[in-house]
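In what follows, a structure is listed as structure tokens, so that the remarks can point back to it.
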Amino acid sequence: MCRWLAYSGSPVSIETLLFKPEHSLIDQSLHSKLGAETTNGDGFGIGWYGAAATPGVYRSTEPAWNDRNLRDLSAHIESPLVFAHIRAAIGSVVQATNCHPFRHERWLFMHNGFIGEFEKVKRDLVLAVDPSLYPSIEGSSDTEVLFHLALTFGLEDDPPAAVATAVGLVEQIGEKHGVEHPIQMTVATTNGESVWAFRYSSQRDSRSLFYSTDLPTLRALHPEVEILNLLSQESRLIVSEPVRDLAGAWNEVPESSYGVVQEGQDELRPFTPKAPAMAVPAGV
Amino acid sequence: MCRWLAYSGSPVSIETLLFKPEHSLIDQSLHSKLGAETTNGDGFGIGWYGAAATPGVYRSTEPAWNDRNLRDLSAHIESPLVFAHIRAAIGSVVQATNCHPFRHERWLFMHNGFIGEFEKVKRDLVLAVDPSLYPSIEGSSDTEVLFHLALTFGLEDDPPAAVATAVGLVEQIGEKHGVEHPIQMTVATTNGESVWAFRYSSQRDSRSLFYSTDLPTLRALHPEVEILNLLSQESRLIVSEPVRDLAGAWNEVPESSYGVVQEGQDELRPFTPKAPAMAVPAGV
Amino acid sequence: MCRWLAYSGSPVSIETLLFKPEHSLIDQSLHSKLGAETTNGDGFGIGWYGAAATPGVYRSTEPAWNDRNLRDLSAHIESPLVFAHIRAAIGSVVQATNCHPFRHERWLFMHNGFIGEFEKVKRDLVLAVDPSLYPSIEGSSDTEVLFHLALTFGLEDDPPAAVATAVGLVEQIGEKHGVEHPIQMTVATTNGESVWAFRYSSQRDSRSLFYSTDLPTLRALHPEVEILNLLSQESRLIVSEPVRDLAGAWNEVPESSYGVVQEGQDELRPFTPKAPAMAVPAGV
Amino acid sequence: MCRWLAYSGSPVSIETLLFKPEHSLIDQSLHSKLGAETTNGDGFGIGWYGAAATPGVYRSTEPAWNDRNLRDLSAHIESPLVFAHIRAAIGSVVQATNCHPFRHERWLFMHNGFIGEFEKVKRDLVLAVDPSLYPSIEGSSDTEVLFHLALTFGLEDDPPAAVATAVGLVEQIGEKHGVEHPIQMTVATTNGESVWAFRYSSQRDSRSLFYSTDLPTLRALHPEVEILNLLSQESRLIVSEPVRDLAGAWNEVPESSYGVVQEGQDELRPFTPKAPAMAVPAGV
């Protein structure tokens, strides 16, 4: 599928996150260990928060390992909140509008996994997107539709509830069409302040997802790793697969759970899809 | 907007059509005289019929004047029926899935113009597309939707009626949403045997469209133009703007008309949109 | 040919420079008024100085007016020294390694114009490049060779002398090969602190080049233009053609001259090419 | 490094060669078994002979597995002589001018391997290229230089001797610069009639290379494989790694050898590099 990384914490150069670690995301674009595919070469994207009102997004259809602009931009852009995604396309065409992260105003959204038999359920799902949001769908990927469903169901107000409803709808419509496994996902979304990360699949056998151990513990475990001393106490990474082999550094997000990285105490909670109360649109 | 060319006749190399004439389509990509924009640099596409069951399509987001592959392929591919299109995007993103011609099985479709205030009407139009055709929409352009509407309304059986119904629906839904000029278009479509070319706009002030004079007359007028002797009697070009300044060679397709290039006598007839009899989908 | 812009002054977002003015560089990519070509759609590049040791460079083969990443990056990157270039290729292929600005360590270099009959003189010119610099030539453009010649002749120590020697060599070798007009150029180069801009052509009929009036005068002339109040007194633009029609704002760099934008008083001086003292390499 | 395929025989669609076999070249772009890298995603190219005076070439920087145009063109182009190459870049930038096959008039040339420490020897090698050929070098790859050396040393008259001299020079200049293993290569070249394929490396441990068993034997071994009955008796494939697991179908080209596929009897001969008699250019 894909690999992704979400970082929140002290401002760092994107290069530090993307290129410098041993088994970095860029390395994973050629040699993923835990992914469904070892190669994630069907485009990539980064999103970050800075001075402007909305987050910056840079997406390209080239393999991430190739892109010279990515290398340069990564060295020059610092940010306290970064999303990065490398894509292994399954079905939908390789074009920038299918690359993650997707953006809506202050929000970013990215995904590893798929909506099962998307061509069967796409129309019904798109019909459930709020008509005012519909025109901003530009590509043809399942994730962009999932994002717009989450926005439709209130992502900006209550992200866990909105994602639960969106996923519930995907399962409901999938079942209606006889799709065996309607959804497989790890998803991250952010408003520039908090980050929500979800791990779920209809078959309860979800793609891997890890979060980094809290900084004070990590520093105590690895006093020799310099970068740990440069980051603030609240800095946190969430990743599809570990980017550096550091004992005690990585904790698996449990099956059917979500985490919140936020000011104050981070949280880890169970995730249960919940089909929307609203009637499915007429004619579906 | 865009410029396009449709050729039907003796097999010729695509280079002969695209690069060799004085004011060729490639030249028009930089210096259009009659277009709404002088530059048509937002991607291009060619479609042609050959040995395979479906027509070949080559589409790219680069300006046509730049693309070296286009030059090589044009020199190497011969075909009796060629569509070529250069794009000046208005609004929708520059990606190959928004480039013309669009293909569905044996059919090709291309368009110069636009659906007015597309973001307002897009959802209703997409809802009217046959659900079995819906998943094959891959891009975000107005033309791809128009093509799928025409397919929905029977393009493969009766092209003029299907296009009239599609355009009628666009006008009906446009009016519902208060769009002043719902459509502006010159459109060409083909099944690999005949070519249909339409000129129409809601405001009755349509983009230019020309067809070439019949070969016997042209040869009599210009015995010095060698290529004319190499083409069969039935060879015909339809173009957004003349590709060669040759007295007596170009005839304007009248406002609100369509032409058919076919075996036997070609035809030119009036075109009148006709909203579909079927009820607009519930909830629209 | 091409159009370019060099900015030095208070840190501004690149968007302010590239997109916001009326007749912005992006607008010039489609509608240049003073350029040899109205369309400059054969790739573009930006270079800027920030936190990293070397300037950032972002180059793409797409037309600048198309590139969504450019728009996003421009909104997110602020810099006190920016180079931007849009290309109209003449001869050499459209690839990122032929896009300007070129970079060598702390230096950037960009060019509007050409080396006359480059295919005739290229080998001799490349032979004159310092062998240690030679492997860093990655593309096939005349400008990249000119830059490497300037580096060979001491650009990092004395830019005006180095450029004079490089241009002198181009004229010497051009004459040897019977090239009527060996060079046509406006060139900008910078080390991240000062900017040098040259206007010269062998035929003394050089492409246009303008520098902005000093800020205090501009503010007095146009108290209503807000942005002028936000920029430091030393802020300066150098451009191929004016980016905003503001009376009194633009001054032509005289024929065969160069200017220096630097700390303290800026300078404007005559430019005279001077062939290198060193013997031309054996066998040339 | 890379993977390549050369086909000579009955005209076939390129699709038959590239996409249809089990472990096709396209499959090898993601999952090479014998290559130095499993992923060959840094661009690709095809070359073929048809009606035009020079062979067609289509090259792209996208991974071959992604490129929709390649799929369409492959289905539509038939040719009796096809070269195809997928690239895993080592060092030189990913741009179409670095993609194989390279073309010079009627000739094509492609390569798997590398010139050792190319940045050290590049200048001396380029100096040895015939000055009249020099301007046609457009990219920055080692292979393009090797091809131009072979052309310089008479490729068009005596391919084995020209390649032997080019390789001899690469070894001579490599040794001068202290390069331990100056060259590693499998190379294919053709004039549109015969195909020459070389396997050699300075360390005598060359990349794999295979040629297909003659058709009559293959048919006798595998009467059930239909395509074998459609091909003429002289049809032959040469490949970096087998494209279909068929007992008795593939024969390794021996170390330090070359083969010729030609009208009449094909040949297999030893290959010995031979430094050029001509003095190395002054100053080298």
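Each chain carries a letter (A, B, C and D) given by its place in the written order, and its residues are counted from 1.
In this section, a residue touches a chain if its C-beta (ideal position, glycine included) is under 8 Å from a C-beta of that chain, and two chains touch if they have at least 3 such contacts.
All figures in this text were calculated on a predicted structure; none of them were measured in a lab.
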* Consider the two chain pairs A-D and A-B; indicate the one with the greater count of contacting C-beta pairs. => A-B
* List the interface residue numbers of chain C and of chain D, divide the shared ones by all numbers used, and answer same when the ratio is over half, different when under half. => same
* Using mean CA coordinates as chain centres, what's the chain A-chain D distance in Å? -> 41
* **Junction residues of chain C, two or more chains touched** => 68, 93, 96
* To do: Show which residues of chain A lie in contact with chain B when the two form their complex.
  => 92-93, 95-97, 118-120, 122-123, 126-127, 131, 134-135, 137-140, 281-283
* Could you pull out which chain D residues touch chain B in their complex? => 13, 48, 50-52, 56-60, 68-69, 72-73, 75-78, 96
* Structure fact -> Per the touch rule above, chain A residues touching chain D in the complex are 30, 38-39, 41-42, 61-63, 66, 68, 89, 93-94
